[in-house]
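Same chain, two partners: subunit A is paired with subunit B first, then with subunit C.
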Partner chain A sequence: MIENREVVRISGLTVRFGQTVVVDSVSLSVAAGECLAIVGESGSGKTLTARALLGLLPDGASVAVDELVIDGVDARRYSQRDWRRIRGARVGLVSQDALVSLDPLRRVGAEVAEVIEIHGARGSGERMPRAGIVDTVTGMLARVAVPEPAERARQYPHELSGGLRQRALIASALAGEPGVLIADEPTTALDVTVQAQVLDLLAGLRRDGLGIVVISHDLAVVSGLADRVAVMKDGRIVEEGVTDEVLSRPQHPYTQMLLAAAPRLGDGPFADRVAARRRSPSIEITPGGLDTAAGGLLDQRESTPLLHATGLGRDFRRPDGSLRSAVDDVSLVVHAGASIGVVGESGSGKTTLARLLLAFDDPNRGSVSLDGVEWSGVPERRRRSRRGDIQLISQDPLGSFDPRYTVARIVAEGLRGDARRTSPGDRAARIRQLLDSVGLDASLEGRRPHELSGGQRQRVAIARALASEPRILVCDEPVSALDVSIQATIIDLLNALRRDLGVALVFVSHDLAVVAQLCDEVVVMKDGRVVESGATDRVFRHPEHPFTRALVAAVPRMP
Partner chain B sequence: MVLRRILARVAGMLVVVWGAATAAFLVLKLVPGDPVDVMLGVSAQASPELKQSIRAELGLDQPLVVQYLSYLSRLVRGDFGTSYQLRLPVTEVIGQQLGYTLQLAAASLAIALVIALVGAVLVHGRAARGVFSVLELLAISSPPFWIGLVLLSVFAFGLGWFPVAGADGIQSLILPALTIALPVAGILGQVLRTGLEDAEEQPFVTSARARGAGPARLVLRHTLRHAAIPALTLAGYIVGSLLGGAVVVESVFARPGLGRVALSAITNRDLPVVMGIIVFTAIVFVLVNLLVDLAYRAIDPRIHTPTTAIRGAR
Partner chain C sequence: MSGGLTGWLRGRVGLIAAVLLLVVVAAMAVAPWIFTPLDPLATDTSQVLQPPAWGHPFGTDQTGRDVFTRVVYGASYSLGVGVGATAAALVVGIIVGTLAGLAPRVIDSVAMRGVEILLAFPEFLIALFAIAVLGPGPVNVATAVGVAAVPAYIRVARAETLVVRRSGYVEAARGLGVHPLRVAVAHIVPNTLRPLGVIATIGIGTTIVAAAGLSFLGLGPQDPTPEWGLLLSGGRNLLGQAWWVAFFPGVLITLTVVSATVVGRRLRRAGEGRA
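On to the complex of A and B.
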């Protein structure tokens, strides 16, 4: 291994779409055995920068660059044909979700073999015989720690678990033995425990001399992997340096903001800051503005629970006819004004539980009562008038909006019958009040969903949910699709709603750090069952169940 | 498990054929007019006694239920009855003509596939797609008899490249096949092209390009299979077009074939032949659907994989 051999060197990279500059004179370099992280929020130009390293910019992009050296070759004046010669052979790409980044109709082995079929044997470039390709593919899968590689090679992507799929995708990028690997959000679609394994794998590859450029929105995820970090904003690198330096002594205000906004888990000053935020959200909401009986509710806290689920079970039939319990023997008590987090990995039954609580689905076993009255297993027509009491906020508000409706009309949809029948003037005033309570300007009333930013959309969704004066909000991954800075403001908003209106929160999330910021109690789910529950601080600081311990340990932490 | 699924499938196919046979029987019984009069011809002077004896011989004097049951039991034995007009067993009538129509259908399908594939692969994602989509729309919306007449007047009467009528070798097959193929190629090309374009938006294409795959490899190894899935759903429509097209085209080009037999059987109220063709068509559709399902499974592994494999992989 040659130390410090540069595998990527670009300077003055500028990408334009028409007159709009989306990447602005970016310069960076990566040595063999080094990992550079490019971190930024959506629209920062980080992905386009990565794609430029493969010559894979979208149509309509125009590129200007002073220096562009990839694994020893000058690619400045490359045509598409030239690029095809080095893609896979000198530079490989790993993208976010292997379920769609591997061709779902082809066997995993065929995808890994493709590079070798295109480029031939490494070094000679000669066509490899079929048996040689099969051996190389098996070896490659073994190298990324896929168990039973020969068998896995004959399977299809959907037959592998998320972690194995991502490893297979990495194998397919490495099969041509490139000098540099571009990893674009390589772990974002994965559960935390699997994410930790894939990050370990990448770190091992780096030690073996691979140059890695990792693109991420999450500073914590890359902090353990990257030697250096470049922070991008609006197409520019605003700060670059050794990872520890940037994280412990951020110079640029944007980096400082990113670090402050990132939700964190664990001890130390950050935990205190988190606790402080929970105690005093930066927004004030006056209950007078919204006519709820919030004051009274808080007093009843110890009496009747608002939502009471006992022994819930929900089974689904597998295609082969056997039964699988998505939710099994789950009990949950939600008092007025409480905040309960439901955490677990994908497939643990979190969303099925949320649907049962909302009575979108009826349980096979157990029951749910709302305000002491039967809520599950009764005809929908008897639930309809009470639906306003419990509302859903989903991960993707855009999908829950009629794209032709204006913001005002979307919020008006949430009003209950009597509020709908008031005079148009009163109704307009009420809508303005609701928008104001989620921190949206009245001038947005006439906009349509696609004209809003991600954070504004989630606020509109919350305003619509509040329109019926609910006593419980069930939030299913409400901030997972948002940038960290936006995420922080939505969490503040939910905290304020809870404190000032006494709305109870049931908060479903895979992100422990977000739950830690928002919830007093937490329920940990695995394979449809609750494995641990209790006060959030206790559960996350002193987890008892081995699964909770593994979950907490896998959460990426800043140094 | 697998055996049960196959049995259920076969039972379903039989139900469809039975339904078609029953519907054909009922509809033709509801049509006014006496089939015996039709058999004898308009000008025939037959005594009522003779008519009655013919009726008795054909079982037409029996109650409807008895007629229906004997019709079904004959169907099961493969006996479709005897044509009133041709005085031949219906199976023989269909058998004689089937070859011509199969030839025509196969040629049409081949031409349509080639036009659609070449068109879709060449123009997808390019500026030329605009021109192509207009041509596709034109082909889809033109009635086959009109396409046939235009082709006839240009290539047969005008340029004299092809014979005007008949079924004599490849030469005489080209224009009729093209007439049926053009609308089919139009809709198939549209579906394939949008399928290719949709597939090219998928992340796995970026992965393949990042491995150095060129445009030809992308289409052949990746996107065409994805585009074939929506195209397969058109199979029923295409078979319908081929059979329906045969009726029109065999008349326009004066070719023998099943379509012409069907047309003349309907106009002459030759009920056994009409029913025979209806049941035959139902069988064709049922078989095509089976083939399409098998093709889906062959193309898309996500359809039939048992979940045990998924669990085994974790």
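On to the complex of A and C.
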């Protein structure tokens, strides 16, 4: 039976950089028509393991392996030249970012054709006539469900959407008819609805008999695709088994932690934990905080919203001179202590809206008021002293830090008013207190941004924002660059800030599950407009607008 | 770890030689008397045009002055002009470039068109023009060479400013309500310095050549003064009979400029690696 033919067999793979072991005696196998998922957080060695299957380990890596069979050939002693012969022909690679992987100056068809020209038709090594190549390329693009393949083949990568680019990349990986496809985070850069389509495509290829190794940080993404899952941590496979088994009865504590940390729609350990936190009475209210249970305050909040956007519109000029509304007629009311999620796919105007709320950009139409006072369209010098009231937590904390500054200096920049003018000793104490409030050790004070981990950087960014005692935090994809376990801790932190300090949150995210855990209300955006809004539970459980329904349906779910 | 040391040395020999040479030239400029006991201006009619020998390693010139001593004392002029003019050009470039980068687009455009007009002329021509306006003399040579170098620094400073200005940390500072002047001083200028420092290191070499060129044409310091360009021009007519008079100053100009360029390029590569 062809179904049982092994296309990848690797045992005792160890990769070292100098003295450091980054992949430690990893063994795995994949049969034709089977999909194996390697799941782990950054630094787990999952990508290096995948690269070893392609002979693409970086310089300076030393490799030891007992067995390395790829699509029937023993590749243990392969030179770079040998690898070039089988890459594309026996093993194909699909990487995370198609825009980077595709040559921007080459038409999509040429990208696919190149593989055929190198490896010949069906990987036979025989040269193919020109017309035959064109037909094969069109066939390949059609096979990965690219609409109008003949036309698309003549387009450049930037003319295609993210999903089509990823399909084109898969087509070029398949053009040499390899027996194995290595997909490294194939959907991470994609919108959730597009992600669902690409996952469907991969599942179809697997049914056609392709062996697939998919690398991902996201258990939910691979749960619907993979037959088996291998969980990696610190270079070792800590758990491996049939997907349903691993997800429903994880044996290793690390797998259990990963599952618990992953935010998901509906119920789950994470949702339970957050729900428990929300139910717990607010006992740690500090000066300036608001008791959400106090009726008097509630009334007051009803009368003057903290942040009020009405009929916001922001146009950008396209290269051809026509106008495109990135945000169109969006109204938003944020009361003190509220938490509002803004969800939508890339290009839906979420980030533009966030920038308008922060007055980093002024709207073409409509206005924003902060605390009842005009906030948009006023001169910057009138905004400056009020800027501390509304702070941004961005997706890229590293980029938001001056690379020359130490942690202490970064946080100090957020201090304002009396806190800024106080004695150096008091200021240092205040900085230490801020770092402590975001769960950072004072010993990090002297570090520079690049010496911190991703989670630590985001905490420093939050500490800096808190330094100015803001009343609203606008969070733009604050956790999407972080590992799930770190994500969970940052979400916990934001939840605690809201509960203990009464800071309102405007939480912009493409990740519905995260929003569901953190926000009471949600606003769904599409093409710059709000298509649906309301209480989070209601919108996600009973979506009314077809787009919201599609969005909710596309979220990968664990069995 | 001895293997590691040789490995480290390999490919760095040129860099080490360049750094050593620059250190020696800098020492000559600061304290010439430790290299030679002689007076660069002292003539000795009994020792005219002597070829290189033990007492006069670089030989003597037509008035019996020790060429080695004159080359050593000349370092202070050449390096002084090179470093001084580059530093001045750097400071002016940073101020103008940063302001242009932060100014409204109209002002920026006008300033940049002006800079482009200056860049359209060869640097040396601009320096010559400046000398024609200012008149000859050592300080004027430095000024002229500096003026010629400024447009390039303005351009780089402006380009870096535009990059840093759009960076996340400048937006973050703005979001914290930091005054724009403070943002410029605390964030923008310091973060544009690294690439500017690198091109300035390479620029020192160019400036030395330009200054020596002006002196060679007789527009800089006048005869008894030991200046490399002037030494070269003085020896030019003697090349047939006494090659050493022009040869050694020429070699030193070349080595200094090449060294400055080698070090500058190395710094640039290090900077790129970090980014």
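What we mean here is this: the second predicted complex is superposed on the first by the 523 of 559 C-alpha atoms of A that agree within 3 Å, B and C clash if a C-alpha of one lies under 4 Å from a C-alpha of the other, contacts with A are read in each partner's own complex, and residues count from 1 in each chain.
Convention: a contact is a pair of C-beta atoms (placed from the backbone, for glycine too) under 8 Å apart; a residue touches a chain by one contact, two chains touch by 3 or more.
The model shown is predicted, which means the values in this text are computed figures rather than measured ones.
Asker: Looking at the overlay on subunit A, is there a clash between subunit B and subunit C, or do the two fit?
Answerer: By the criteria stated at the top, subunit C and subunit B fit after superposition, with no clash.
Asker: After superposition on the shared chain, which partner residues are touched by A:114: those of subunit B (first), subunit C (second), both, or neither?
Answerer: In the superposition, A:114 touches subunit B alone.
Asker: Just to be sure I read the superposition right, which of the two partners does A:248 touch: subunit B = first, subunit C = second, or both, or neither?
Answerer: In the superposition, A:248 touches no partner, neither subunit B nor subunit C.
Asker: For A:42, decide between first (touching subunit B), second (touching subunit C), both and neither.
Answerer: A:42: touches no partner chain.
Asker: Given the touch rule stated above, what does A:304 touch, subunit B (first), subunit C (second), both, or neither?
Answerer: After superposing on A, A:304 lies clear of both subunit B and subunit C.
Asker: After the superposition, just quote the angle formed at subunit A by subunit B and subunit C, using C-alpha centres and rounding to the nearest 10°.
Answerer: In the superposed arrangement it comes to 30 degrees.
Asker: Once chain A of both complexes is superposed, is A:106 in touch with subunit B (first), subunit C (second), both, or neither?
Answerer: Touch partner of A:106: subunit B, not subunit C.
Asker: If we overlay the two complexes on their shared chain A, which of subunit B and subunit C does A:403 touch? Say first, second, both or neither.
Answerer: A:403: touches subunit C, not subunit B.
Asker: Thinking of the overlay built on chain A, is A:391 touched by subunit B (first), by subunit C (second), by both, or by neither?
Answerer: After superposition on chain A, A:391 lies in contact with subunit C alone.
Asker: A:468 in the overlay: touching subunit B, subunit C, both, or neither? Say first, second, both or neither.
Answerer: Touch status of A:468: second partner only.
Asker: In the superposed model, which partner reaches more residues of subunit A, subunit B or subunit C?
Answerer: The partner that reaches more residues of subunit A in the superposed model: B.
Asker: Of all C-alpha distances between subunit B and subunit C after superposition, which is the least, in Å?
Answerer: 5
Asker: Going by the contact rule set out above, which residues of subunit B touch subunit A in the complex?
Answerer: Touch list, subunit B to subunit A: 1, 202-204, 206-214, 217, 221-222, 225-226, 299-302, 305-310, 313-314.
Asker: Applying the document's contact rule, which stretches of subunit A touch subunit B when the two form their complex?
Answerer: The touching residues are 54, 56, 81, 84-89, 91-93, 95-97, 100-106, 111, 114-115, 118-119, 152, 155-156, 158-161, 164, 169, 172-173, 176, 182, 318-321.
Asker: Within their complex, state which residues of subunit A touch subunit C.
Answerer: 358, 360, 380, 383-388, 391-392, 394, 396, 398-404, 413-414, 416, 464, 468
Asker: Help me check something: in the complex, which residues belonging to subunit C touch subunit A?
Answerer: 167-169, 171-180, 186-187, 190-191
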